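Think of it as A, B, C and D in the order they're written, each chain with its own count starting at 1.
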Amino acid sequence: MTRVGVVGATGYAGAELVRLLAGHPEVDLTILTSRQYAGVSFSDIYPAFTGVVGLACEAYSIDAVSDNADILFTALPHKLPMEIVPGLVASGKKVIDLSADFRFSNAAAYEAAYTEHTAKELLERSAYGLSEVFTDRIRNADIIGNPGCYPTSVLLPLAPLLKAGMLVPETIIADSKSGVSGAGRGLSVTSLYSEVAESFKAYKVAAHRHEPEMEEILSAIAGVDVNITFVPHLLPMHRGMETTIYAGLSRDAADKDIYDCLAGYYADRRFIRISETGRPPDTRNVRGSNYCDIGFVIDRDHRRLILMSVIDNLVKGAAGQAVQNMNIMLGLEESTGLDMVPFPV
Amino acid sequence: MTRVGVVGATGYAGAELVRLLAGHPEVDLTILTSRQYAGVSFSDIYPAFTGVVGLACEAYSIDAVSDNADILFTALPHKLPMEIVPGLVASGKKVIDLSADFRFSNAAAYEAAYTEHTAKELLERSAYGLSEVFTDRIRNADIIGNPGCYPTSVLLPLAPLLKAGMLVPETIIADSKSGVSGAGRGLSVTSLYSEVAESFKAYKVAAHRHEPEMEEILSAIAGVDVNITFVPHLLPMHRGMETTIYAGLSRDAADKDIYDCLAGYYADRRFIRISETGRPPDTRNVRGSNYCDIGFVIDRDHRRLILMSVIDNLVKGAAGQAVQNMNIMLGLEESTGLDMVPFPV
Amino acid sequence: MTRVGVVGATGYAGAELVRLLAGHPEVDLTILTSRQYAGVSFSDIYPAFTGVVGLACEAYSIDAVSDNADILFTALPHKLPMEIVPGLVASGKKVIDLSADFRFSNAAAYEAAYTEHTAKELLERSAYGLSEVFTDRIRNADIIGNPGCYPTSVLLPLAPLLKAGMLVPETIIADSKSGVSGAGRGLSVTSLYSEVAESFKAYKVAAHRHEPEMEEILSAIAGVDVNITFVPHLLPMHRGMETTIYAGLSRDAADKDIYDCLAGYYADRRFIRISETGRPPDTRNVRGSNYCDIGFVIDRDHRRLILMSVIDNLVKGAAGQAVQNMNIMLGLEESTGLDMVPFPV
Amino acid sequence: MTRVGVVGATGYAGAELVRLLAGHPEVDLTILTSRQYAGVSFSDIYPAFTGVVGLACEAYSIDAVSDNADILFTALPHKLPMEIVPGLVASGKKVIDLSADFRFSNAAAYEAAYTEHTAKELLERSAYGLSEVFTDRIRNADIIGNPGCYPTSVLLPLAPLLKAGMLVPETIIADSKSGVSGAGRGLSVTSLYSEVAESFKAYKVAAHRHEPEMEEILSAIAGVDVNITFVPHLLPMHRGMETTIYAGLSRDAADKDIYDCLAGYYADRRFIRISETGRPPDTRNVRGSNYCDIGFVIDRDHRRLILMSVIDNLVKGAAGQAVQNMNIMLGLEESTGLDMVPFPV
C-alpha cells in the first residue's frame, strides 16, 4: 500500500481529498497537516469523519511528512507550496499540488498572475495535471500542478477541437458559473450564506487569475497563441461548475463531426461523457463524482459552436482529479477509488 | 381612482401583480380571475395576503371584468389572451398582457415561434412594453405586449449601444441565467425543489422562444437585421435574472464612451442604474424591486464589450414593468407604487 | 418630520433599518454610523441602495448623532449600547436599542447571561419593546430594549394564553428554527454558505442567551415564575423564523377557546394574524413584512397545545418591530411605513 | 452474486436504491421496473447514470421480475406492494418493501392509517426493518417492511432508553424536520422550488401517518403503550432529516448514564454514532451516508432529556437501510456496499 498524506487538510479541497483517500483501496492515509488545527483530531473538525478517519492534524514538518508518506497532496494557498515542495522532492517524494505554483511551464506567466516564483527549477519536473490530456507526462512527473476548477471545465471541451483546428482561436468566449465551495473555507463576507443564497453575479470579469493558466495550455494544444475572453460567475450553490463556451467554427461542421472529434479524443477515458443528443449537461449529473459531462449545439446562423461542460468543482475540479493523477502516477487504473456513482437526487 | 383587475391572478406573475397593485396608491384592485380557483378567497390560496387583499377569485367573464375594471392585466399562457383581449378592447378597456400574444408587430414572427395569431388586427394598436425604450408608444397604446423577462434583461443594456452604432450586430451573444420562478407555478418535474436546488444547466440552447422577440426589437432599434446567439440557463434560486452579453465593438471605445452612451440614453429614468466602476451587478441589489442594474467591462484584447444586467424577473421582468407601463398610460409618475427599496439582505 | 439615525448601520439589522426608514413617510433618515466603514457611501457598501440612500457612514460621535437626529436606533453588539446610550438620553434623545442591553428590568438576570451592566439606572426608563404586549410602556419610555427574534416568536403566541392561565408553565417547550441572517454579517465559519446550505442542526441546546429574556417576560405576564425548555436550530435559509411550542393545557379547551383567547388579546393589532383553521403558519407568508402569523393544534391525547408562530426575523424580529415601536413613541399609526405586502412568491 | 431488482425504480427512493445497488460488490442489479418509463433507458431518465447503469426500465410483470432477481426492492406507493408481494413471495423471492404495507404487525393499525390490508397473512412473515433494533427478525424474514424516514429518526434514539425504562412514555414529543426529497418525485405545488426555498413550516401537525408506525414499535420496545406527540416540518433542503425529542426522565440521570445506555445498546453497530460531548448532530455529517448520528442534552431544570438525531432521509431513512437489511438477510457484513464517507463539504 502506498502511504499518502495531505498537507493542508482542513480546507474544502483538503477535506475532499481526505474523503476520497479514506475510501481508496490502494493507499493508506497516514498523515494530515494543518497549521490552524495542529493537535486536533480531524473528526473533531469534520464530525462527518467520526469512525472513518482516526488521524489528528499535525503541524507541517518535512520530517514528519517524509517519514510517513510516499506521495503528498498539498492543498495550500499559492506561494506556500513553492516553499515546501523543493524539500519534499529532494527527499524523493512525489507531490500533487492543488495550488497554482506548479501549473505553469512558463515562470513569467505565473509571475504575471501571482508572485515571484521561487522554485523555477522544478517546473520542468512538473506536469500539468489535466488527467486526460497530459496522461503521459503525468505518469512520469515528480510534481503535478493540479488544474484549477475553471481551467478543467474550459480545457476539457476545447482541447480536442482546438487540436483538430476546428475552432477560430480569437473568437473563444468562456462564460463560467461556479458553486461557492470553489472559494474555499476562508472567511469572507462574500462567502456568507446570506450574501450568496438567492443571488447571482459575475466577478473578476476578464480578469481572473485562471485565464492565463487556460491560455498557456490552450496555446500549447493549438500550436498557436490562444487568447480567450473568460467571465466567471458565482452560483448560489455549494458544489458544481458549468461553463458555456462560444467559439467560431473554422469550417462548416455537422453535429457528427463535433461529436466524433470529442468522442475520439476521449475514447476509453471513463470520466469524460459526451452527449450525442444536444441535451445540455447538468451539474446534478456529476455531483459527488469525478465525471466531466460535455454537450454541444451548433448555432448555424453564426457558424458558432456552443459547448457546455459540467464538473463537480471539488472532485474533477480539485481533489478527484488529484487522486486520478495519483492513480496514473502509480500505474493503477485511473478510476481506482473514484468509481462513485453521482448523486442526481 | 382607476379600477384595475388581474385576469389569471394565481400564477406567480399574477400574484406579484396583486402584491404590487394592492399597495399602489392610485388604483383600486377590484377583480381577480382564475379558472382553477374560482370562488376561492385569494388569501386562502396565498395566505400571505390575509388582511391585505379581501377579494375572491372569479371565473373569467367579459361582463364581470368590464363592469369592474378600467385596465386589465392578463397573466395567462399565450393563446388565451388573443381570445379575450379583442372583446376587452372593443368595450373600451386598456389591456396590459404579460404573454407573448401582443409583443410582436410582425404576426409572422409570432406565428413562427408560437401559433396562429387570431387577433392580428390588434397588433397595430399594441405597443411593446419595454418601458424606457418605447415610452411614447406605450402612453398611447390600447394594448401593451409586456416584454418577457429574458428580453428585458437583454434589450435594456443593448438598446442604447446598438442605436448608437457602437456594436457589431452579428457578434452579439447573450448568456442568460434565470431564477426558477420564471417557469411559473405550473407542475413540472424540472421545477421541483429537488431537481433545481444545487443544480445548474443550460436549456433550449439557441432555441428559446424569447430569441425572435429580442431580435425583432433589436432590429427595429438598430435599423438593421440583428440576429443574436442566446443561451438561457436555470439558476438554483427563486427570483432574479442575470445576463452577460458579449459583443464586438464597432470602433475603439473608452469606458467613458460606453458609460455616457448608456447613461445618456437612460437619463432621468429612475429604474435603470448604470455602474461607472466596472462592478458587476448582482441580482441581490434589485431583489423585490423594479430596477435594472447594468455594468460593463471592455475586453481590449478582443475589442469586445462585456455587458451585464440584472433584474428581478418577477418585477422588472414581469409584473413591475407592467405596473410601470400602466403608470405611463395613466400619466402618473412612472415609479408610482413601485418605489420599493430592494432587499439586499 | 422626525429626524432619525442608525448607529451601526452596516450589519444586517442595521441595513434592514435603513431599508425601512428610507421608505418611511414620517421620518427623515439623517445619519448613519459605522466604525468599519466610516467615510464610505452607504450605497457603496450596499449597492442596492444606489439612488435611494445618499448618506455616507460616519464614525460615531455623540455630537454628530445628537445634532442630527431626534431618535436613534442602535444596532450594535451588546455592551456597546450601554456605553453610548446614557449620553444620548442625557441629551434628550430617544433610543431604540436592538441589543440585549436594555431588555431586562432585572440587571442581575442580564448580568447572568451577558456581562456587568454599567447603566443600571436607565433600566427603569426603558421598556421591553414587544410592541403588542407593552404598548403603553413603549409609548412613554425613553429607551426601548427591542426584543430578540427568538423571544418575539416565542412570546407573542404564549402571552395571551399564559396571562389567561390556560397553560401549565413548567410544561412549556419551545423548538425554534431560525434563518441564518439572525447570526448577522460577522465572519464565522458557521455562517458560510457551504456550511449552512443543505444542512440543519440544533445549537446552544437549552443554553441560549435568549432564554432568560423570555423567562423574565413570561414570568411577568403569567404572574408566576415561568421556566421553559428552549432549543434553537439553524435553518438553511436567509430570512424567516418558526417556533413550535408544546405546552400542557391547564384545563380542557376547545379550538374556539384558544382562538378566542389569542384573537381577543390581539384585537385591532394589525400585525398579528391568528389562523382559525389549524393551517400551520409558513415563513413565506410573512417574508419581508412585519407580520407574526400564529396557528395552533390541540393534541387531545395529551391535553397538550401545539402553538406555531412565524416571523421574518429581520423585520418583526428586529428592524420592523423597532420601527413599529418608534411609531408608537411618536403617536403615529403603528403600521406607518410598515405596510409592506409580504412576498409569498 | 445475488441478483436484485428494483420495482418502481424512477422515484427518488428508487433511484437511490439504484445508486447504491449499482455500487454494491456482492449483488448484480438485473432488472428495473417503471410503469411510466417502460422501455426507456434508465440513464435517459437519470443521465447521471450514463456509463454506470445500462438497464432499461421494464413494465412490471411477475415473470420478468421472478426470472431475473432473487431479492426485490419495491419502491412503490402504499397499496401497490400488497398486490404484488404475495406473488413474489409465493415464487420464493425475498422482498424489501419501502412502503407502509408491511411495516405493521397489527393490520388494524395499518388500516386505521392507510386502507384495507389485502395481504394480512403475510404480516407474520415480515419484519420491521429497523436494522439495528430487529436484526434477528430481519435475518429470517421473507419480507421486510422498511421503516419510514421519520420513524427511523425517532425510533433509533428512543429505543434504548425506553427499553431501559429511563423515559416517561406519555411525555415524549418528537419535533422532526425533513428535507423535501422525502415527498418524492411526484408533482405537487408544495414541492416546487419556488414554494420550498427560503420557507419553513410545520404540516400534518399531530396527524402524520408515520405516528402510528412509531407508536406500534415504541410500544413493543417499551412493553407498555406509548403514545407520542409528533410534529413534522418541511425544510428548504433536499436531503437530510433532524428530529429533536423531548422526554421526561423517569429518574435522575447523569450524562454518562444516557450515553452508556445508548452506546451500550448500539455497541458494534457501525452506522449509529453517539456523541459524548453534547454537540448537536448536524445533517451535513451524515449526508450521502447510512449513518444515524445521535446527541443529547439533559435539561436538569425540568428533568427532561433532549435527544437529537440526524439521518440522510434517502439513505438511512430509505434506500440505505433497505440495502443494510438485504445485507443482513444475505449474511453479509451489514455495511457491505454502504461504506460511503459522508459529504460534510
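We take it that contacts are C-beta pairs under 8 Å (C-beta built on N, C-alpha and C of every residue); 3 or more make two chains touch, one makes a residue touch a chain.
As the structure is a computational prediction, the values presented were derived from the model and not from experiment.
Distance between Cα centroids is largest for the pairing of subunit A with C. Centroids built from CA atoms put subunit B at 39 Å from subunit A. Averaging Cα coordinates per chain places subunit B and subunit D 46 Å apart.
Centre to centre, using the average C-alpha position, subunit B and subunit C are separated by 36 Å.
Shown for subunit A are the residues in touch with two or more other chains, namely 12, 181, 194-195, 197-198, 236-238, 281-282, 284, 287, 345. Taken pairwise by the contact criterion, the protein chains are fully connected, each one touching every other.
Contact residues of subunit B toward subunit A in the complex are 170, 173, 175, 177, 179, 194-195, 197-203, 205-207, 227, 229, 231, 233, 235-240, 242, 244, 246, 278, 280-284, 287, 297, 299, 301-302, 304, 306, 308, 310, 345.
Interface residues of subunit B facing subunit C in the complex, by the touch rule stated above, are 12, 15-16, 19, 22-23, 46-52, 181, 197-198, 270, 273, 275, 279, 281-282, 284-289, 293, 314, 339-345. The part of subunit D that touches subunit B in the complex is made up of residues 12, 180-181, 185, 187-189, 191-198, 236-238.
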